[in-house]
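Each of the next two complexes has subunit A plus one more chain, namely subunit B in the first and subunit C in the second.
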Partner chain A sequence: MNRISSKIGLVAAALSLHVGGAFADEILVGAEIPLTGSLARVGAGMHEGISVAVDVFNKTNGKHTIKIVTADDESAPAKAIAAVEKLAGDGVVAITGGYGSNNIGPASDAANKLGLPYITSGGVAENLTERGYKTFFRINNTAGYQKAMVGLLDTMQIKSASVVYSTKEATADLAKDVEKELAAKGVAVTLHAFDPAITDFKPIINKVRLQDKPEVIVMVGYENDYVGILRAAKVLKPKVKAMVGVWSLATPKMASDFPDLMPSVYGTALLPFPAEFQTEEGKRFADTYMKLYNKAPDYLGQFGFVQSMILFEAIARAADAGTLKSGGIAQELARTDRQTLIGRVQFSDKGDNLNFVHRMGQHQDGKIAIVWPSDAATGKMNFPGVPW
Partner chain B sequence: MSELIMQALYSGVLQGGSYALIALGLALVFGTMKVINLAHGELVLLAAYMAYTVESRFGLSPMFAIPVALVLVCICAVLVYFLISLIRKDRELNSLILTYGVGIILTNAVLLIWSADVRSTSSAWMQDALVFGPFYSMRSEVLFFVVSMALMGGLWWWLSKSWYGRAVRAVSSNRDAAKLMGINPRTTEIVSFVVAGILAAFAGVAIFSYGVIQPAFGHALTVKAFIITVLAGIGSIPGVMVGALLLGIAEALTVTLASSALQELVGMGLFLLVLFVMPNGLFGAAGRRG
Partner chain C sequence: MKMSKTGLAVIFAAYVLVPLLLGSNSYVMSLIVAAMIIGGIALAWALLGNLGGMVSFGHSAFFGVGAYVSAILTMKAGVPVLAAMLLGGAGAVAASLAMLPVLRLKGPYFALAILAYAHIFKILATEWSSVTGGSAGLASVPRFPTLMGVDLSSKTGSYLIVLSLLLVFIAAYRLIRSSHYGIALRAMHDSEDATRVVGVNSTLLKALMLFVSAFMTGVIGAFNVHYINFLEPDYAFSGLWVTLPIVAAIFGGYRTILGPLVGAVTVYLVDQLVFKNLIPSGHQLVLGALLVAMIIFSPGGLMPLLRKGSRRKHAAA
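Entry: the complex of A and B
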């Protein structure tokens, strides 16, 4: 009896040591993200992806456990700095998150000063990587969106386009880059900047309709802008062959919330809808997302997941090497080279993803078909085609 | 070019009508109590989300949300009044901080209840084009422009002809003298907050019917309403109408003749110019005509 008791005691002691070990290896990671304010929707979407990454990593890694500490930056640059400083005070070893280049800029400045690696997919302004920080990494960039939009317009073989874009930093950068590349290809392009506060787009679309008379209207903005532009276009009915947008447009949410405005509209899309995941990681991501949020994943969740998984893996490698607190995470991140849900990720010495190229999707009968590039296409492009 | 300008003027007038509807409530409370209710935009937004709920949950036209929005927004407006009435010192200044805080609470309540997603009506009737010759608009824009003008006319009649309306004006002019005349300033102030709530309810349903709403949108509405209130001059209903139309047309013409990127700048420039040249506003106390 005594021998049995002592064996049980040993097993219990071993188990308690194991549990104790697991707690000792719990690593804090900060998520600085807008959960309130004007970017709350996109911030919440990215945060869902981060939470899915934590769940997947903790279940599959076995050795290290990640715990997320979230700080809401309220969609404001000053609050983003405060959020990073708070997270540093909480003892995080790195930061994932950030949305909006104007928030990510100062937040990653603060992280760099504190020696914290910062990884994001929420800001594509070019100056973010021009700073040359060794602690800053992002998995997407303007060039990837630009390639996808120009590639689609090339396929359409258009001769003229009007680019309607928000004056926010990332959208203005992208619009001007797209304009430059199209102009170099001999396409006549007219730019129309709009203030982010604008609600009535009819005067702009009327200028496009009566003065520019383009073949395609290119929209570079955000969800509320797209709805406004498409509404105005539906009223004024300019004689164009296509309405092409960028992020936040070819999404299941837009398809279900604005079914009358979306038919035949194009936007960047990583996946078709309904989503089809082929890889083991993709299936695990989709299952966990469904389990946690009871809905199909979208691109925001996907980006949040990818950036966080890359970071968690780098943290695990640095922890194994014993360099967690001596710059090892940034070094491991810089060495990243792996296939992810958004394609291969490798970072340049400035922290930009060298391989990022987006795809273009089109709303078709309440679904989203990938129509560019041709090797990833899941459907045929409905061209010419507009919602009215 | 003339077609462009005519459409810009038409869009500007319709937009001005929308601005007037948003600004009326703020102007009324400002006129009565000298209090800038910085939560006014959030009250408008609350009504917009009621319209969204009625449409998405019950499949009804946003117009059916008006009675529900009226009750909810008026209750909130009265609650804001009771909070303001608790201020014992420097009411004009402290109420700014208080109502700003109320606005933040309401924004976050909206965020918690309805999430941060972009919302707008899915009613095809509201969005369908209404074309008069060279003038293009959505049906909902014209409908709520008419509602806006009717409400403005009704408010003007109420303020000039009804007992309570005249009481509001009396309290606005001289609170102590009104008291001596047997008017209860507290009741009058509550009435003006309720009327502001009614106007906010209509404005919210209107915005949902032709625009896009998000939880953080309330603050921008308050700023727009504040600009118009100052342009108009304290307590002037015709001033609100003229100020709102002026702003709407100036913005639309800026987009057409220059760039939309300058639209907000022109609005603020107009605001500063009027403040500089006519500190009492277009129809303010010094030269009030309405």
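Entry: the complex of A and C
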């Protein structure tokens, strides 16, 4: 026990030295992120966006300087709570980050108890905003993904679809919402749930092929699920006109890792690949990203950047108003209304982004073209089109 | 049941000194609470192995069922949190009743069968969405109440609850081990057949140990859900609720009563406070190496190693 106490003391001393060493005019912001564990890859992607936001903000703001203190939550809820508490102990004024609704829930709960604003783009579960916390803000939500998928299917003018979805929380919610909206539009929809642990999708795809005979297969899952579904479909060759997925599918990584499975497949995408930015902020983001990481930005970085820039600007406004430590940051965040790299951001009284609508991309010749909505399109939709 | 002076001193330190010295540091307190949650499961797991002679890979089933029962009772039936925690333990015992048919299996067959049960309960929690909230889970699970002016939902309050639970578990474990059931159980370790020949109902004894272990794990699961205030099937029935406690129990010495607890607190706190500060990403590597070294150089775990060290000191003196 004595040994443990002395080690705790040593670490506490080291931490206080670390914080004490920060410049007086620097404002500390916490990043609670999964850098290890099952969400490490997406966490690292978001963290890159946060770092780019710090660089851009500090160079363009001219008055305030932000310093990020990062705590790895190891993709585990209890450690996400501990990470938030550690960051609070380090003296941060707010928290950006979080991935996975099961980590964001307890972490933002802890932040709320400590009076720290928490902004994220890593969890779309409905119950996160239903808590009604005044300190919780989210720039994306299931509704935005649903609008994009249904919008694309509307454009295709299909009459039938089979929705193959993982029973995980976010995917099940989205699949059921998409099914409801399509059914209301008169589209014949069948639902096929699968356990996240399964890897062989041939039985499900065979059922879709022989029983449903839909025009489109809608996939609501994660990277490994898409790969399994597309592999099964490539073997069984159902007579469909399109394979439409959601997050983590229309990405450069999927295009390069699975070149035989991806052609003509659709997924949500904020950016075409190679990335093209029209706005001044977009170009600055892409340039800084390239400078820091020597690669083109992806959607995770883009979300991390947007959530952090919104937070940093709110912090700057609160600092100017002298309300930094008296709840001013959350109030300033609630007043946010600006165009960003993901569109206009305004928050509801529950902290959800009222305007979030995703875009749909399509894999075309190893590149990704935005094909929906038409005003953001960078390419023509290849329809009908499947990878086989 | 006698208690040594050192034992009393440790209990005093745990109840008084830890809250006094570390109570204001939420970060360290949350790590200690998390370590004790792992310690509680490790203790229950070691009890089943040590007294019942069964290796379980499915303790996440008891943890998850305990958590769900307690969360649902408080949210939907308005049962007070502390009473619901005990009922969560009872729920885990009820779940263990379904496992009775596999009690006659031995070794890896039992371990795998109980693992399958954990998966079954996870699927039930996902599919029975009208009660469990399905894959979306349950948010805003009620926190611990304020009792006699002490806010039990605070870090220190939660710590005191889990500490008290662990002390009760330790006392129960000691009581069982020193009773005549304990003698029969230890005899079963050497030869179950021989014990049966002299009239011991080994299956009944093993079932009782499964119930005790399930109850303890269920109560800890229930504690965790009111501490974290959030629950979903993947989290409640995660394999981590088995692997981490097994690592902790083996590290500390699963043949001893305190070994699993000491192992959990050591493994968790040293990893988070020391290794994580030295190597922010990939610190688990050091822990893995340490575990391998421990198994090679002291297969009995940390507790026998510490005892050996203190005996040597006494001999030298």
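Rule of thumb we're sticking to: the second predicted complex is superposed on the first by the 366 of 388 C-alpha atoms of A that agree within 3 Å, B and C clash if a C-alpha of one lies under 4 Å from a C-alpha of the other, contacts with A are read in each partner's own complex, and residues count from 1 in each chain.
In this text, contacts are C-beta pairs under 8 Å (C-beta built on N, C-alpha and C of every residue); 3 or more make two chains touch, one makes a residue touch a chain.
Predicted, not measured: the structure shown is a model, and the values here were computed from it.
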With subunit A superposed, do subunit B and subunit C clash or fit? clash
Considering only touches as defined above, state whether A:156 meets subunit B (first), subunit C (second), both or neither. neither
Does the superposition put A:167 against subunit B (first), subunit C (second), both, or neither? both
If you stack the two complexes on chain A, which partner ends up touching A:75: first (subunit B), second (subunit C), both, or neither? first
Using the superposition on chain A described above, determine whether A:236 touches subunit B (first), subunit C (second), both, or neither. first
Determine, under the contact definition given at the top, whether A:195 touches first (subunit B), second (subunit C), both, or neither. both
Mind working out whether A:257 is in touch with subunit B, subunit C, both or neither, as first, second, both or neither? first
Based on the superposed arrangement, let me know which partner A:127 touches: subunit B (first), subunit C (second), both, or neither? second
Just checking: does A:36 make contact with subunit B only, subunit C only, both, or neither of them? Give me first, second, both or neither. both
For the combined three-chain arrangement, which segment of subunit C clashes with subunit B: 202-210, 220-228 or 292-300? 292-300
Shared subunit A surface residues [contacts with subunit B and with subunit C]: 36, 167, 195
For subunit A, which residues count as touching subunit B in their complex? 36-38, 40-41, 43-44, 75, 167, 192-195, 197-200, 202-204, 206-207, 210-211, 223-224, 227-228, 231, 234-237, 253, 257-260
Taking the touch rule as given, give the residues of subunit C at its contact with subunit A in the complex, in rising order. 10, 13, 21-22, 25-28, 30-31, 34, 37, 123, 126-127, 134-137, 139-140, 224, 228-230, 232, 234-235, 240, 265, 269-270, 272-274, 276-277, 280-282, 284
Residue numbers of subunit A touching subunit C in their complex, please. 1, 4-5, 7-8, 11-12, 14, 35-36, 70, 72, 76-79, 81-82, 85-86, 88-89, 101-102, 105-106, 109, 114, 125-128, 130-131, 167-169, 172-173, 195-196
Where on subunit B does subunit A make contact in their complex? 3-4, 7-8, 11, 14-15, 107-108, 111, 115-120, 122, 124, 127, 129, 136-138, 210-212, 214-216, 220, 252, 255-256, 259-264
